[in-house]
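A, B, C and D are the chain letters, set down in written order, and residue numbers restart from 1 in every chain.
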Amino acid sequence: MQSYAVEMKGITKGFKGVIANNQVNFRLAKGSIHGLLGENGAGKTTLMNILFGLYQPEAGQIFINGTEVVINNPTQAMNLGIGMVHQHFMLVRPMTVVENIMLGLPAKRGIFLDKGAVEDSLKKLSEKYNLKVNPKAQIRQLSVGEQQRVEILSVLYRGADILILDEPTAVLTPQETAELFKILKLMRDDGKSIILITHKLEEILEIADEVTVLRDGCQVGGEKITNQTTKSDLTNMMVGREVLLSFDERPDCTGETRLVVDNVTLKNENKLLVLDCVNFNIRAGEILGLAGVDGNGQKELCEVLTGLRPLTSGKIQLDGQVLSGKNPSEYIKEGIAHIPEDRHKTGLAMGFDITNNLIIKEYQSPRFSTGGLLNFKAIAANAQQLLNEYRIKASGPEAKAKDLSGGNQQKIILAREISSSPRVIIANQPTRGLDIGASMYVREKLLEQREKGVSILLISADLEELLQISDRIAVIYEGRIKGILKNKNVSIEEIGMLMAGVESGEKTAC
Amino acid sequence: GCGNKEEKATQGGKEDGKKPLKVALILPGKIDDVSWNQAMYEGVKALEKEYAGKIEVTYTEQVYEVSNIEPTLRDFASQGYDLIIGHGFQFMEPIIKVAQEYPETKFALGTGFKTLPNTCVYDVKLEDGGYLMGTLAGLMTKTNKIGVVGGADVAEIYRGHEAFKHAAKQVNPDIQIQELYTGDWRDAAKAKEGAISMYDAGADVIWHSGDGIGLGVVDAGKEKNKTVLGNVADQNVLAPNNVLSGIAYNWTPVVKEMVDDILNNNFTNRDKKFYWLTAANGGVTVAPFHGLDSTVPAEVKAKLEEVKKGLANNTVEMPKFEK
Amino acid sequence: MLNRKTSLKNIMVSIAPPVISIGLAMLVGALLLLFTGQDPLEAFKTLFWGAFGSTNRIAETLVKATPLMIMALGTSIAFKSQLWNIGGDGQFTLGTVFAMLVALNFSALPAPILLPLSFLAAFLGGALWGGLAGVFRAKFNANEVITTLMLNYVAVYLLGWLVRGPMIDPNGHGFPQTPLIQESLKLPILLSGTRLHFGIIIAVFIIFAGYVFWRSTIGFRIKLMGEGHHVARYSGIKISKTIVLIMFISSGLAGVAGWTEVFGIHYRLLDDINSGYGMLAIVVALLGNLNPLGIGISSFFFAALIVGGSTMQRMVGVPFSLVSVIEGLVIIFVISRVVYTQWRDRHANRTFNPGFSHQSTGGGH
Amino acid sequence: MQTELLTQGFLISLLAGAIRTSVPILFTALGDIFTQRAGILNLGLEGIMLMGALGGFVGTYFTDNLWVGVLIAILTGVLFSLIMAFLSVTVKANQVIAGTALTILGTGLSAYLYRSIFGVQKLPPQIEAFPALKIPILGDLPFWGPVFFNHNILVYLAFILVIVTHIVMEKTTFGLSVRAVGEHPRAADSRGINVPLVRYLCVMIGGAFAGLGGAFLSIGFMNTFLDQMVAGRGFIAVAVVIFARWNPYRALGAALLFGGANALQLRLQALGMPVPHQFLLALPYILTILVLLSVSKKAEFPAAYTVPYSRSER
């Protein structure tokens, strides 16, 4: 019989009234890539955190290469050859790449840091698996993709032969994902065993040898050989019901122009041009998709469109009325909803409970307060309703946002923004990190808003998604709109070209 | 238990003074602050020995929270103490208030100006001390630069400093005088740095007006090997080669006077409600020169004696130092 | 329903576990007392009696609790928003100064007008002093821990100068203190023969107001600030403005605390008018879990500790320093109470029942 | 008075004074750099310094050996700071209250122990403090000699420790771990760094330095112990670290600035500057604020500043 790199038996773990893992069995064959699937909150991260020694299970056994072990902390895990790339990166932003790699490692030169040596062996590694990063760069200067490479490098640097990657592709562009998969294959062929968590089934089918599915903290149907399963099998196992994975043709329901972005330029703190006379407008009932490699000005564009950043020049109009120059509260009042990229620092008050997170933008509106006093009945009712409507999985409305799984946190934001009956929705990566069920649900919701005549700017790294629901697709590159295409028989390739900076499509000169 | 303390106490209060006079001393600072509080503490203790059987003394220290004063007074009053001493001007209003509630009890206020039949005020003529030190410093300086260091400037300290400067100018018209306050009673290091700065600037004699900060000044003198004039007690032992002299308080005569007045029942009907600690009644004295005696010229000693006499029979003209 | 829940939770958090902790603190205190040769039982009996032994005692405890309550509530407002305003002392002082300036300079006005006016002045004085630190933080990103701390020292010297110079009592024979306020301005005594003054009623009212405050939209905004400036801005809050506002309110209350102290007890200004209430207020606020009810309770508790402590000092002759040692110990043990709850939670986690997950909301398929 | 201000003698005296005055603050600040870098705000330093001052004095008094005093001061500081470590790391208590409690305790305990050890004496017990140690050649330099090279040995030690602190922070694995723990404890944890241990160590290092700072007052500069003799220097040290933005060299500058302001203020008083002395006394504090305003824009606090870390929380 085949020997397993990892074998977890009857793992059980609970948090404040939530049971995250319930009698989970999990096996990772040596030298294979193993997919781990499950809806948001199914318990994937928890299971892996247990394997990595961050959490202690209440019950269950763990075997590494056939021998039973107890893993009390990451150090022990690493000594056992386990390395983990977390869903939320574990990098110290003000420090350089090398420093991050060296963290926690015993120094070769007594107590003193030996950056030179580390840099060298780092170079070798990055060549071997062609993971390109500048060792001297500060993390905060790196793109998400690069940061991920750093994470992988540091895991490899520690000589891990069992790798856990928690939703690595969630933050990557298609190109980057392709890159990553090449690397993973390299590693597998190198004899390493890899656990890959993702919500994108096609990815599993593309690269994983086997797959395990979790639902509500329980493992469903043992592990499957991927080339003997199909998307719908897996969705069934995950969600326990059919999920339609595509939308039928939609009637064009666009009305007159609503949001006008007119020659908007923005310089950042260091006087660098991050938005270069951006021009576009969105009609009522229209979804404008915005494609582009991460870090080409999407974040800044959102901040400008929601008043979080004063623009350097140009103007923003909503139904003919100029918004630019006003402060965020007025943007909110005018009905511009914002689903920000950064859930943890920006989108949510992590220490607040769900109830209160659902009102952080509207607590002053008559809906939730009268005469300056909060109306807790209404607030609580609102919470209950949205909790059910958006299927947010938590111990209850008093659960603190920080205790929720990534996906459920995103659902709170969606619920809050959409329920504010906006005129415009600025959605930055709204389905990032969401399971298929949830993402489909989000898209339905956005389309529903579209029907209602809401104008939507949808920024997404997932081209499938853009093609699926947007009416037009713009491409941003180095802060400039490279082109805006009607979403009729445009090809991924075409967009890819623009994303790489090649001009074409309907010009937006100024 | 404590529960019935108060009743017992009040009865005690009603009894007449056959049994020893119960004296309570309330100090705003610590009994070892080498200054104001310690001097009073020792003065009273000394009298307790002398009047063994006639008086018995309790004390409490560090009642510096102004808002704690009144309850403290009331505590002792209600326990039937005959004489309650509040050793600082911040006791004035509380004493006036509580004294009205306990007309039987006698109260003494350390510096202040309001009085009632059953209260009195005692104070130190620090200007006497200041004058003596000023004279000495003015005569002893070779650089014609002297200095004086104080903690927080409160009434009697202020008077002392003014008298010091005044006297020095009398004996040495073209003298330069440096003066500074550290703003608190405890930061000896700050005071030392201050004193050093004075010595660096050419001063060769410095007087300090007491408290923990005084120790800093003495230490500075020792380090710079210059002359220091102490305060409150004979501080020569701290730096035998540098502490030339100083003024020493002895509160015993004043406390004695008060106690006697009470025992002979002419405390309340006494017209003059002020008890002064002066050079005259031996309360303010000049500390001996010890090993440094030889360094003091005869005419200086003579002048000093003359000033003492002058102060004793009020022939020394001294302006009224008040803000 | 939620309402009861939250406040109930808060009461629990505020009072239940500390009881054990205080016991432990007393134990250590007892050892120290033995070491000094005092009889711990006698000492602690005196401490308790000193705080609660008679009407007068209880009155005294309430008198001490008055400024603590008001100031701690102010402190809690800043702390909730993660602004570490530790400048209560300075703000207290400036409050007293402003109030006194009004009281002395407009003495022509009738008391019913002048008294509220002085109250407002006190609030303003504190608010401006703390608001200054707020502006420094908002405009210059200057850390408020430092600025408020430094302003404390400055306030001490400022008061020192005022009571010796501009505000000194002209016929006070040069003693460093202001004149007394006129009779009609003294806060009414609630219980004759005691010092219990009207201030306590104001304090209790402010505690109640605080309870409402946290259920107001402004209260919510302030808590949201405490969650980080990113999310606050995202929610439409004007950060700089709110920082200043928070410091303004928080410090204003410190000023009011000063007002009750001066107009209720001292009737004049002099050095050391504020006996380190600022530090105590911080302690009280945090022991009270930054929660009005908790603050009410913990300030009363602390006042008792202080009043009882000084009685113990006088009657049993316990050295003053030992009293503050015991204070320190009590705080340390009380905040260590979390250790028990931590232990309990760990225990709870081991013995949870899988049935839970199905109660989880939403999820429903 | 202007004339005096300009003399070289005055400058020498002022600068030397500035150094003396800044050293106790500098010691404490250097240690606090570790503590704050690890993400902990220790307002208990005031209390720790007092305990250190007492420890140093007692140690010296009973052994007649200043270095034993120094050692005991350091130990006292470490032991006492353990309380802070326990409260902020293990208990995860709010650091502001924990520090406040420690200061209250330290103030009381130092006074209490002093009284129980020495009782009430007519004049306080004293020791022979560290003598001024003139550096051979340098000490004779015309201007700089008396300013820099004629202090007691602890002063030189303080300056050496500035460099040491810098090296440890920037060049060693420990320093790296400390910074990581203060910035992103979870990341540090997942890379196998023992977060609680590092934080304990950093608080204890802070305690050791604060003990030393206290000892400088009682047996370095002064020759006796007085309760509350630290007089707020512990708090100033915290301020110094923050506005030095956790950099030892800037901390040196900041401490000198504060010390200098104090030394200057005293001299201006002595020379009879026609201003109420309270204003001059307030000068160092006002100056600190003003400087803070000018440097703070850049200040970036450790991301996990004052935030307790717990693995199971997220």
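The rule we apply is simple: contacts are C-beta pairs under 8 Å (C-beta built on N, C-alpha and C of every residue); 3 or more make two chains touch, one makes a residue touch a chain.
By chain, UniProt protein names: A = Nucleoside ABC transporter ATP-binding protein; C, D = Nucleoside ABC transporter membrane protein.
In this text the structure is predicted, and so the values were computed from the model without any measurement.
Trainee: Comparing centres built from CA atoms, which chain ends up most distant from subunit B?
Mentor: Farthest from subunit B by mean C-alpha position: A.
Trainee: Comparing A-D against C-D, which pair counts more contacting C-beta pairs?
Mentor: Between A-D and C-D, contacts are more numerous in C-D.
Trainee: Could you put a whole-Å number on the gap between the CA centroids of subunit C and subunit D?
Mentor: Using C-alpha averages as centres, the distance is 28 Å.
Trainee: CA centre of subunit A versus CA centre of subunit D: separation in Å?
Mentor: 46
Trainee: Quick one: subunit B and subunit D, Cα centre-to-centre, how many Å?
Mentor: 35
Trainee: Just curious, how far off is subunit B from subunit A if you go by their C-alpha centres, in Å?
Mentor: 76
Trainee: Counting only residues that touch at least 2 other chains, which ones in subunit C make the list?
Mentor: Residues 157, 160, 164-165, 319-320 of subunit C touch two or more partner chains.
Trainee: Which parts of subunit B, given as residue numbers and ranges, touch two or more other chains?
Mentor: In subunit B, residues 30, 153, 183 touch at least two other chains, as defined above.
Trainee: Subunit A: which residues touch two or more other chains?
Mentor: Only 15 qualify.
Trainee: Can you name every pair of chains that touch?
Mentor: A-C, A-D, B-C, B-D, C-D
Trainee: Using the touch rule from the top, collect the residues of subunit C that touch subunit A in their complex.
Mentor: Per the stated touch rule, the residues are 1-3, 5, 212, 215-218, 220-221, 223-224, 226-228, 230-231, 233-238, 349-350, 352, 354, 356-357, 359-365.
Trainee: Quick check: in the complex, which residue numbers of subunit B touch subunit D?
Mentor: 30-32, 34, 38, 42, 147, 153, 178-184, 186-190, 192-194, 196-198, 200-201, 212, 215-216, 219, 223, 233, 235, 237-238
Trainee: Show which residues of subunit D lie in contact with subunit A when the two form their complex.
Mentor: Residues 171-177, 179-180, 183-184, 186-193, 300, 303, 311-314 of subunit D touch subunit A in their complex.
Trainee: Name, in rising order, each residue of subunit C that touches subunit B in their complex.
Mentor: Interface residues on subunit C, with respect to subunit B: 42, 45-46, 49-50, 53-54, 56, 60, 63-64, 156-157, 160, 164-165, 168, 172-177, 180, 193, 195, 261, 265-268, 270-273, 275, 307, 310-311, 313-315, 317, 319-320.
Trainee: Quick check: in the complex, which residue numbers of subunit B touch subunit C?
Mentor: 1-3, 5-6, 30, 60-68, 70-72, 74-76, 89-90, 92-93, 101, 111-113, 152-155, 158, 183, 321-323
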